[in-house]
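Both complexes shown next keep chain A, but they swap its partner, so chain B is in the first and chain C is in the second.
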Partner chain A sequence: MSRRAIFDNKILPYVLLAPQLAITIVFFFWPAGQAVAQSLLRQDPFGLRTTFVWLENFAHVVRDPAYLNAAGTTLIFSLAVVALAMGSGLLLAVTADKPIRGAGVYKTLLIWPYAVAPAVAASLWLFIFHPTIGMLGRAINQAGIPWDYTLNGTQALVLVILAASWKQVSYNFIFFLAGLQSIPRSVIEAAAVDGAGTRQRFWKVTFPLLSPTTFFLLVVNLIYSFFDTFGVIHSLTRGGPGKATETLIYKVYVDGVVYLDLGGSSAQSVILLLFVVTMTALQFKYIERRVHY
Partner chain B sequence: MATSAGGSANWTAHLILILGVFVFVFPVYMAVIGSTHDLGTIGRGEMSLRPGPHASENYTQAWVTGRGERAQGGVGVRRMMLNSLVMGLVIATGKISISILSAFAVAFFAFRLRMFFFWMIFITLMLPVEVRIIPTYKVISDLGMINTFTGLTVPLIASATATLIFRQFFLTVPDELVDAAKIDGAGPMRFFWNILVPLSTSTIAALFVILFVYGWNQYLWPLLITSSHEMNTIVIGITKMIGVGDAQTDWNLIMATAMLAMLPPVAVVIIMQRWFVKGLTETEK
Partner chain C sequence: MRSLIAGVIAVMLVAGGATLSAPASIAQVPAPTVVAQAGRVTVDFWYGLTRPLGDILEGIATDFNNSQTRYRVVSSFKGAYPETMQAAIAAFRAGNAPHIVQMFEVGTATMMAARGAIKPVHELMKEAGIPFDPSIYLPAVRGYYSSPDGKMISMPFNSSTPITFYNKDAFRRAGLDPEKPPQTWSELRAAATKIRQTNAAPCGFTMAWPTWTNLENFSAIQDVPLASKMNGFEGMDAQMLTNSALHVRHLQTLMDMHREGTFRYGGRDSAGDALFPSGECAIIHGSSGLRARVIREARFAWGVTYLPYYDDVKGAPKNSIIGGASFWVMTSPRRTADEYRAVAEFFKFISQPEVVANWHMETGFVPITFPGMTLVQSLGYWQANPGADIPFKQLTRSRPTRNTMGLRLGNMPEIRVIFYEEWEKAFQGQQTAKQAMDAATRRSNDVLRRFERANAP
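So, the complex of A and B:
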C-alpha cells in the first residue's frame, strides 16, 4: 500500500491533488448531492414553492406503470445485450486463441469496432434495417414478413439490441483473449493427457479458470447496457414506438430534460445510483476473492 | 497443446472468425456504398452492393455544409469534427495530466487525509454522468459554461480510473530509485519530470488511446451541454441529421458523415493497437 522512500513536503501533495479534487467536488459530489436532495423535494408547477416530501417521489416512481415498464424493458434489453455481446466475444476469443494461420490479422479485424461510438453504430444498423431503403429491411419485407421498427415495438427492441451488442463484442473479445492467454498451457495439456476431450477441456478447465474475466466483463457489460446505450436508443428510436424501447436511463433523461419533472427524475437517478454502487461494490468484493473454484 | 488437431478443426476456426469479421465489416461496407450513391437512388431502394459515382460530391457536401434536402440548418462536418477533436484531445490530455499528478501525490508523499482524498477520487467511479443529469446541467449553466468548450471538456476531466492506474504503476517503482534521486539532490518535481514521467510513457500511450476514444464518442454530455449547431460534435450531428429517419432523409450525407465520424478513433485504435490492447487489459482490472 504505502512505500518506504517518501518525499517529505508539507504543501506540495495538496497542490498536486487540487485540480482533480476541485473538478471532483464541483462536477461530481455537488451535483450528486443535489440529485439526492432533489429526490426528497417536490416543486409546485410554477416552481415557486418547494416542499420536503421524504420518500414520496420514490414511492411515486416505483408505483408508476411507465417506470415499471421501463424497468422491464431495461431487464430484457440488458440481458440480451450482455448475453449476445459476451457470448460472441467468448466464441471469437476461444477461436482466435487457437494456433491458426493469420491469427494476428483476425485480431486486428476484430478489435476496431471498440472505437465506434454507440450512436454511429446505430446509424449503420438503421441504414441496413430501414424498412424502405435498408437492404435487409427491404429484403425482409419482400419475403412477406412485415418489418417496420417505427411501428412494431418488438422489432424496434431487436434493432437496438443488435446495434448495442455489435459495438460491444470487441471489448469482450479483447478481455477474453487476454484471459485465455494468461491460462497456463500446462493445465490444459494435463487435462488432455487425462483424456478430456475438447469440449470437456473447455467447460471443466478453461471456463472456470476464466471466471475472474467473465465476472469482470459481466459487470462492465451490465453498466454499458444500462448507461452507454443511451446514444443508440436516442438516435434510433427515441424510446419508441410508444414506449417499447424506453429504458431506465432514457426515462431519466426524458422526465428530467423534456418534462422537467425534477423530483421524479432525481428519484430515478438515485435508484440508478444505488445500482451502480452495488455493481461496483460487488466487483471489488469478487475481484479480491478471485472468482475461480 | 497438441497441434495435431489441424484439418477440420482449423476450417471451423477460420469459418467462425471470418463470419465474425464479416458481421463487423458488413455495416461499414454498406455505409461506404451508401456514401457513394445519390439520394434518389437510395430513397427508391435501388442502391446496389457496388460503389456509385457520387462519392466526391457527397463527401464534399457533408464536409463543407452538412446540408442536404432535409438536413437543413446543420453545420459542416469539418466544424463538427473540429469540435470532436478538441473534445477528444482535451479530455485525454486533461485526464492524463491531472491523474498523473494526483497519483504522484498519493503514492510518493505522506500527508494528512491522504487516504480520504484517495477514496474521494475513487468513489467518482460510482457517479457516472447519467445518474446526475439535471443537477450537473444546472451547475454548468450557473457557471455560464453552456455551449462552450470548457463546459464540454473540463467536467469530464476528473478520472478515478486513470489515477488508479498511475498509482498502481507508481507503487512498482523501486524505493532505491527514489533514494538515489534524493541523494543526488533531486526534489520531488525534478524526480517527477526526469524519472517518473519517462518511466510512464507506455502507460500514458495506452491511456491516451482509451481516453481519446472515450472523449470523441461522448453522447449524453454534449447533447446536454450544447444547443447551438456550431458546437455539435460529429456523433451528435449524425443523430440530428437522421431526425425522424424516413426514406427522404439525406442518407448519402449521413453515411459520409458516419464514415468520417468513425475514422479518427478507429485509426487511433488500429495504429496504436499493441499499446491499446495491453493497456486496456492490464489496467481496467
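So, the complex of A and C:
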C-alpha cells in the first residue's frame, strides 16, 4: 500500500516555486546572460562606444599568457585547498566522533572559523604571518628563515591555500561528523567481530559508507575553491606578488572591475562558467556511480 | 540524473553570481535622495578619501552649504579611489551618475576619453557665467588636468607629490649629518649602507607607491620621457619608453641595494607607508600626504627633503609630478542647467585661497593655487613647520618640460600593476633589470593598444 499525497491543483506547485525561480532568474540567469552578451562586445568603460566583435575577446583571453598562468595557479590552488580542507575536516570529524571528554566544546570551537567572514579571516592570517607586523611572521624571520610572502610567490601561494582551507575545514567537519554519526554502529561492530582492525574498519567500512557525504563535499569544496576564495586572496595578497596568487576568479574581478575591460572579463567568466558546469557534470556522471547511498 | 541537473543548477547559481562584469550586477543604487529643502538645488558628490581626510572634505561641503541658500552639496563616501571610479562608471551606465565625482590622477586618461560622460570644467564655468582663471593653478597641476590645447577638463583639488622622509635619529646613530639628507642616488645609497653597517635602523631605504615615486616621478625628475607623444598627452597611440638605459639602470640600482640589504621593497601602493613611522626604515619615498601620519605616529625626530636624482644625468633635477585626485563633472540624461550652475558655484567656492590654504595645512596636500600658497606663506605656516614647503618647491622648481607635465596614459592603474609584478620578480632574482623593464614595457604597450581600440573616436 502506498501512501501518496495527491494534489489536484496544477497551478499551486508553480506558485510555490515562483519566489525561488524569480530570484534565480533575476540574480543569476539574467546577469549570466548579460555576461554572455558582453563577452561578444568591445566597449569602453562608460558604454559610450560599442562594437560587436564576435569571439575576439575569447581569442584574446586564451592567447594571454597571464590567463594560462592563472589557470595553472587555480589548478594547484583548488586541488590543494580541496585536499587539505577535506582531509583535515575528515580527520577532525573522526577524532571528534569518538567518545572523548568535552567533545561538545571541541565541536563548537571547530565550527567557529566558518562563521568568520573571508576578509576578516584573511586579516587574522595577515596579523599572524605578515613578515613585519605578524607575530609568527616576525618570529620565523628572527629564527633565521627568510619569510616574506609579499615578495616570495611560493610562500604567498602556500599562505592563501592555508587560509582558504582553514576557512572551509569547519564546513567539512560538520558534514563529515553528521555522516559518521548516521553510519549504523552495528555495521562497524560486525566488522570488528569479523576481526577487522581500526584501520581496516575505517577504510573498508566507514569510508565507503561516507561516500555520499564525501562526494557532496567534493563538489561543494571545488566550487568554494574556485569562486568563494576571492575574499581571502583579495585581502591577503591581491593576486601578488607578481601573479603568484592570481586565480581565474580573481582575474575576472581584476580585469573587469579594476581594469574596466568588460569584454575580456566577461569572456573569462563565460569560460569559467562552462568549465565548472562541464566539470560538475562529469563528476556526477562518472564519480557518482561509485557512490553508495 | 536528477542529481546531475541539480548539480548543474547549483554550479550555475554560484558561477552566475560570480559574473562580475555584467553591468547590471555592479550597478549601484544611487545615493539616497535627500529631500531638497525648499528651492535648493541638490548636487550629488561622490568622493574616495578615507578618514580623517574624508571628514575634512565633508566639512568643506558643509561650509559651502552654509555659505548660501540656493544650492546644496550632498557628499557621500564611495570607498577608495578605484571603488569610487567603478561606482561612478556603473552609475553612469545605469543613467544615475552623480554630479561630481572625485577621481584619482591615474584615472584621468580614462575620464578624458569618455567625452559623452563628462562635462569639461572650462565649459561648465563658461556656461554658468562664472569667471575662471586656470593660470592661478600651479603649472604641474594645471597641465595634468588640461586638454592638449590648454583647456581645463577637471577641477583640481587634492594634489600631492612624492618626497623623501628620513629618520634624523637614525642618521645621528649612523654618524650621518641629520641636517644634510642625501640629494642624489649615490648619496642615498651611501647613507643607507652606513645605516645598515652601523645597525642604526633595521632597514635603510624603502618606498611607498613604488611606480609613482620611482618610475613616473623618477622619469620626470631626470627629465626623460615615460612614454612617447609627450607621455600620452598628444595622443592615445603613445608607446611606453620605459626600457631606456636610464630606467634599466635605476631598477638595477634598486636590485643591487635590495641584494645588499640596504633597500627593502615594502609592497604595492601605500603598503610601504607603515615602514617609516614605525622606525623600521630610515628613509622612505612617500607621498607628501604621508606627513600627517608621520606626525601622529613617529616616535623619533624626522625631516623631509627632495626626491634624489642621478647627478650625471643632464638637466636633472626637474620638477616632480602630482598625484592625488581631481573633481569631474558627470553628465546624465536628466541634468538641468540649474544643477550645473550649482556645481560651478561649488567649484568657485573650493578654489578660494582660504579653502586651498586650509586644506593644505590640515592635510599635507599641496596648496594648488598661487593665491592659496601666498596665503599659507603670509600665515607663517611654513616657518612654523619646516619642510612643509618641500612638496610645493619640488613641484615648482622648474618650468614643466615635455617630460614633466605629468602623464596621460589609458588604463594607467593596470600599467602600474604590471610594473609591480615585473619588479617583484626582479627583486626575487627571477629576472634581470633589463628583462624586467622590457617585459613591463611590452605588456604596458599591449594595455595601451587595448585602450586605444576601445576608445578610438
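The rule is simple: the second predicted complex is superposed on the first by the 241 of 293 C-alpha atoms of A that agree within 3 Å, B and C clash if a C-alpha of one lies under 4 Å from a C-alpha of the other, contacts with A are read in each partner's own complex, and residues count from 1 in each chain.
Everything that follows uses one rule, which is that a contact is a pair of C-beta atoms (placed from the backbone, for glycine too) under 8 Å apart; a residue touches a chain by one contact, two chains touch by 3 or more.
Computed from a predicted model, the values in this text were never measured in an experiment.
Is A:Val252 contacted by the first partner chain B, the second partner chain C, both or neither?
both
Quick check on the superposed pair: does A:Ala117 touch chain B, chain C, both, or neither? Answer first, second, both or neither.
It touches chain B, and chain C stays clear.
For A:Ile133 in the superposed arrangement: first (chain B), second (chain C), both or neither?
both
Looking at A:Gly240, would you say it contacts chain B, chain C, both, or neither? Reply first, second, both or neither.
second
Tell me the contact category for A:Gly153 with respect to chain B and chain C: first, second, both or neither.
Once the two structures are laid over each other on A, A:Gly153 reaches chain C alone.
In the superposed arrangement, which partner chain does A:Asp8 touch: chain B (first), chain C (second), both, or neither?
first
For A:Lys98 in the superposed arrangement: first (chain B), second (chain C), both or neither?
After superposition on chain A, A:Lys98 lies in contact with chain B alone.
Mind working out whether A:Gln200 is in touch with chain B, chain C, both or neither, as first, second, both or neither?
The answer is neither, since A:Gln200 touches no partner chain.
Hey, what residues of chain A end up touching chain B and chain C alike?
24, 27-32, 34-35, 38, 132-133, 150, 223, 227, 249, 252-253, 256-257, 262, 265-266, 269-270, 272-273, 276-277, 280
Please name which positions on chain C make contact with chain A in the complex.
Going through chain C, the ones touching chain A are 3-4, 7-8, 10-26, 82, 86, 89, 92-93, 110, 113-117, 265, 267-268, 271, 274-275, 278, 280, 411, 413-414, 417, 420-422, 424-425, 427-428, 447, 450, 453-456.
Help me check something: in the complex, which residues belonging to chain B touch chain A?
1-3, 5, 9-10, 13-14, 16-17, 20-21, 23-28, 30-31, 34, 42-43, 45, 47, 49, 98-99, 101-102, 104-111, 114, 117, 120-121, 124-128, 130-139, 154-155, 157-159, 163, 171, 175-176, 178-179, 182, 187-189, 191, 213, 216-217, 219-220, 223-224, 235-236, 238-239, 242, 245-247, 251, 254-255, 258, 261-262, 265-266, 268-270, 273, 277, 280-281, 284-285
Note which residues of chain A are touching chain C in the complex, please.
24, 27-32, 34-35, 38, 42-49, 132-133, 150-153, 219, 223, 227-228, 238, 240-243, 249, 252-254, 256-262, 265-266, 269-270, 272-273, 276-277, 280-281, 283-285, 288
Inside the complex, what are the residues of chain A that reach chain B?
It comes out as residues 1-10, 12-14, 16-17, 19-21, 23-24, 26-35, 38, 88, 91-92, 95-96, 98-100, 106, 108-121, 123-128, 130, 132-133, 135, 138, 150, 166, 169-170, 174-175, 178, 185, 188-189, 192, 198, 212, 216, 220, 223, 226-227, 230-231, 234-235, 249, 252-253, 256-257, 262, 265-266, 269-270, 272-273, 276-277, 280, 287.
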